[in-house]
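Listed below are the structures to be examined.
Both complexes below contain subunit A, partnered by subunit B and then by subunit C.
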Partner chain A sequence: MKVGKLPARKVRILGLRYLGATVVTLLFLFPVYWLFMISFKTPDEIYHVPPLWVPAQIQFSNYYVLFKDGDVVAILNSLIVAGVSSGIAIVLGTLCAYSLARFGTGGENLAMWIISQRMIPPIAVVFPIFLLYVHFGMVDGFFGLILLYTAFNLPYVIWMMRGYIVDVPLELEESALVDGLNRWEVIWKVVFPMVRSGLMATSVFTFVFAWNDFLFALVLTRTEVITFPVQLTHYFGGQSNFWGKIAAMSVLGTLPIFVAVSVMQRYLVRGISLGAVKG
Partner chain B sequence: MTLATSLNGAEQRRPSRLGRMLEDRLPYLIVAPAIFILLLVGLFPLIYSLVVSFQRITMTDNDTSFVGLLNYAELFRDTRLWASLGHTAIITAVALPLELLIGFLMAQLFIDRLPGRQLFVALLVLPTVISPIVAGATWRLMFDVRFGPIGQILSFFAGEPVRILWTVNPAYVYPAIIICEVWQWSPFMFLLLLAALSNVDQSQLEAAEIDGASYLRVLRAIILPSIAPVIAVACLIRGLDLVRIFDIIWALTEGGPGSMTETISLYTYVQGFSQFEISYTAAISFLVIALLTIITTLVLKRMELAR
Partner chain C sequence: MADVKLSGVHKYYGNVHAVRGLDLTIGDGEFAVLVGPSGCGKSTLLRTIAGLEDPDDGTITIGGAVVNDLRPRERNIAMVFQNYALYPYLTVNDNIAFGLRARKTPEIEIRKRVGEAAEMLGIGSLLQRYPRQLSGGQRQRVAIGRAIVRKADLFLFDEPLSNLDAQLRDEMRTEIKRLHHEITTTMIYVTHDQVEAMTLADRIVLLRDGKIEQQGAPLELFEQPRTGFVAGFLGSPSINLIPATLKINGGGAAVVFESGGTMTLPSAKTTSLTSAEGRQVLVGIRPQHFSRAGGGSLRDGVVAYSAVADLIQPTGTRTFTTIKIGGVDVVAELQAHDVSRHGERIDLAIDLNRVVLIDPASGLVIA
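== the complex of A and B ==
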């Protein structure tokens, strides 16, 4: 058929681009592959010179150890802290965003102040927060971490949700108000369903931010609510004896993120660019 | 008919006094909880920290008398502090353009129709979303002189054993950090630039092609002006992240050898949590905030991130 036939030059270019795309993807995925493979290796295979690229067989003893020693509690802690703090940030942040978007509360200044809160480097506030937490006995507790991650995700949620809410046609809300719904009902029954997908995407990102945080968790946890990144650094010790554990823990700690982000791929660009780029 | 019923409905559901008051104040009521938490966790520690920075509190000495600008004066004599700012600047100045360039090249590769593009993009995004601590740990394993694949690969191409102590040798620690950083964040640039490039006006590109304009000319005259705002946003976000870089270095070198790769975040951490120089750490924090505020304000003014 004539239609399906491409000029030889175009075929060649397409072929070259596939080759390039494959090489680039393999390059970027190789470290992930390496980590994954280590998690399945036996100690003999991990400390083999020269390094082995494929383990003789897939075995799960590195994971088994994490479960046996109870280290996976760190994953559970991370799930609780990141999940609850995202939930709170989403609810409070969306309400705040609605007010900013629809009533212009606080004007442009409040909006700028809120986004500037996100620009403050964590290192500049972590120490005073630590001192205050010590003072109030909140170090190494769920409440302290959840409060902190909620606060650090709020600017993001407000900023993103304001963008999504502004996109909802005003007429919809007005006609609902004329129909006798009050504001709460308008928010719940009209706006909420309209921004649901944006809401989902934003929750995923807040979850990922809280999940990946290391600095705050390092400073504010001791033994009780160690989160997964902090647990990971505990294996770093002087000797590289714990590679199996590092790899297995990393894989376990990356799976939830991977699942969450895969589901939200459509919103990835808008999410990571603070709404500046609509993908 | 509809109007009549709805007016009727409104009549019946006249809200109570409390309900009306709640509705009148609603714009402020729903802003309040979020702002309260932001002030509590964002502003309160800063004020506390500001006060402390004018005192002289250390681990051993709980002296709460005010010493004026003593801590701030000390900042200027602290060579390790300025070195750490220098390290941060070096990493930012090298990694940011590299990430931008690599991200741009990757985006070029995927901009035209390429069946299966979705899958490629999904896989390429992976480094960006994993925890920076995991990224650092992964590259630590990769770089290991005996059991890591990097040395093995380099030896293969060099034809002789290559033994580089990436995370210890002063000549290689910065390349190691920057490789890890660029690996993790080039896909971030790639994603944003791919979206930006897809939005470039196709008719202009076609017109240029018909006129026989060279690629470089098209790039300069059409593509770059069109994606400039996205480049600005991407650089601002990544720039701010790079200035506060902590996790990757913690996992790779812990600031070593010595304090060679100590960035401002690591130095602040050491002063605060190893030396417990409470007042001095507070002063450093304010230096960092001041520097960042100046830079961010300048950049924001130029590009107007706000819609």
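== the complex of A and C ==
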């Protein structure tokens, strides 16, 4: 009898847990669902009272308009700016981090000073930077934005990668040096594979920062290189808001982040350095 | 194959003078063990030979060529590390092949050499596994395999067995010894374990505070230590040191312990002590030089001593018994069943032919 009772209780607890998890999941997924639904609705359906859970017909006119008017270039701009700037920040930052971690460059305090640069509130520096950029003619171009995002992401990359590199057993590198690699090959063939998870996670965060940044992009762009968040604000009007365009653009702007996060998840879970030394 | 010569090597870490003007020659094909307590500079010395540390002064020669300015990879050495240093993202096969690939060895040659090494070390069936899927002993074999495929001029071992449990350590020790017989490359092996040093070495180099305390064949160091430190470092349990005063009478000499009691030294030990009357010494008696006294007369140089057994530590083969001589606790290594209970009075024979007398001030062995 006891044997029968226990599972029943466990099943009940498990059922409650699943119920709770489902409720929470629905709660969090609802805005995403709503965003997608709006992007598929006609203006009439968007303003319908009571709200319509699903549009009568899935239609892509909101997306079509974005492509027809060329607004999607903003997504492309964002991809270029975020992709290139985080790529540069990752390469430079990892090399800096290696130098800090292995050669003790700058003593004990340099790393702290570097990360402190990341703590500066962007709003405090955006206008001086704007004036500087105007002076050098870098406003409203790819170069200016990429430079700025690289500069803002570098301290973060250096700080994070330094932590990951310090955790790589020094003996692995020394063994490779004795076995015939030079320092660059050691970084490429030993350090990179060892910190791969950390590198991926850090890349995602730097990419997301540049992707989501609104303030710098708003101040430093005009018409040529408009990024996705800035483009989105053009649909909020004084008279009316173009909810269909807002939703469609938001969906397009969220997709890269979906991809990025799913990549990060795969690497964050892996404890890759397991078994490197005595385990 | 290569000989190794160090002359006047100094190494500082900040204010710490880790290696102090060291001269050392290791012959071609020799198995040299650098041994000493932690902080004696043995690992630093090995890393300096490897090129992982730069000496602050002095020259290092491998196979006749000065290597001071050569990078580690240019010295044609192979090194086995304490923590194995296997790449977790590579299979055993790729780990062993790593150094060969780094040197652009043709794949056919790599396959052949990896196969040979794996067979020699009994890890042929593990080649497709990852390091995390191996036991400690298997990992160490892979690390050794990675070194031997290189066919380097010189092998360096940095405490390779200290992460293994006792039984595995014995096993791997035997294998390393056999390996040296098979490949006869010059090997330099660092350990703090005196048993490893004694069993593996052609020559032990005993270091202390960044200098060579004594070097020589294992038994030479064990039986003819030049200092009290050497006498105390080698041997397990370690040598007993009992404070006493020398007393010279006629042609012979005796030691008088501080709490009373006298032991007459064998004549062979006393020749150099004729003018040493009243001198303070530490009498060094190894636990192995005690035995249970049978009936009958004692050999020359063996003295009888009656003591009460205090602590008794049986190991199965031998039993370590703590007794008192001259008021000092002394360990005697007896046969397994020589003593059975605490407080038992036992008659012992102490072989003083191999006693060492140490000057407590200088630490030097005087007889």
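As a convention for this text, the second predicted complex is superposed on the first by the 256 of 279 C-alpha atoms of A that agree within 3 Å, B and C clash if a C-alpha of one lies under 4 Å from a C-alpha of the other, contacts with A are read in each partner's own complex, and residues count from 1 in each chain.
The rule is simple: contacts are C-beta pairs under 8 Å (C-beta built on N, C-alpha and C of every residue); 3 or more make two chains touch, one makes a residue touch a chain.
Values in this document were obtained by computation on a predicted structure and should not be read as measured data.
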Of subunit B and subunit C, the partner touching more residues of subunit A is B
Which partner does A:108 reach: the first (subunit B), the second (subunit C), both, or neither?
first
Worksheet item: What is the contact status of A:73 with respect to subunit B (first) and subunit C (second): first, second, both, or neither?
Response: neither
When the two structures are overlaid on chain A, which partner does A:253 contact: first (subunit B), second (subunit C), both, or neither?
first
Would you sort A:185 into first (subunit B), second (subunit C), both or neither based on which partner it touches? second
Contact-wise, after the overlay, does A:17 reach subunit B, subunit C, both or neither (first, second, both, neither)? first
Kindly classify A:53 by the partners it touches after superposition: subunit B alone (first), subunit C alone (second), both, or neither? first
- Message: Quick check for you: in the superposed arrangement, does A:158 touch first (subunit B), second (subunit C), both or neither?
- Response: first
Interface residues of subunit A shared by subunit B and subunit C, listed 178-180, 182, 272-274, 276-279
Touching subunit A in the complex, subunit B uses residues 3, 6-7, 9-10, 13, 15, 19, 23, 26-28, 30-31, 33-35, 37-38, 40-42, 44-46, 48-49, 52, 106, 109-110, 112, 114, 118, 120-135, 137-139, 141-142, 144, 146-149, 152, 183, 186-188, 191-192, 194-196, 229-230, 233-234, 237, 240, 243-244, 246-247, 250-251, 264-265, 268-269, 272-273, 278, 281-282, 285-286, 288-289, 292-293, 296, 305-307
Touching subunit B in the complex, subunit A uses residues 14, 17-18, 20-21, 24-25, 28-32, 34-35, 38, 46-51, 53, 92-93, 95-96, 98-100, 102-103, 105-106, 108, 110-112, 114-117, 119-132, 147-148, 150-152, 154-155, 158, 163, 178-180, 182-184, 208, 211-212, 214-215, 219, 228-229, 232-233, 236, 240, 243, 246-247, 250, 253-254, 257-258, 261-262, 265, 268-269, 272-274, 276-279
Within the complex, subunit A is touched by subunit C residues 50-52, 71-73, 77-79, 81-89, 98-99, 102-103, 130-133, 136, 139, 146, 150, 163
In the complex, the residues of subunit A that touch subunit C are 169, 171-172, 174-182, 185, 190, 193-194, 196, 272-279
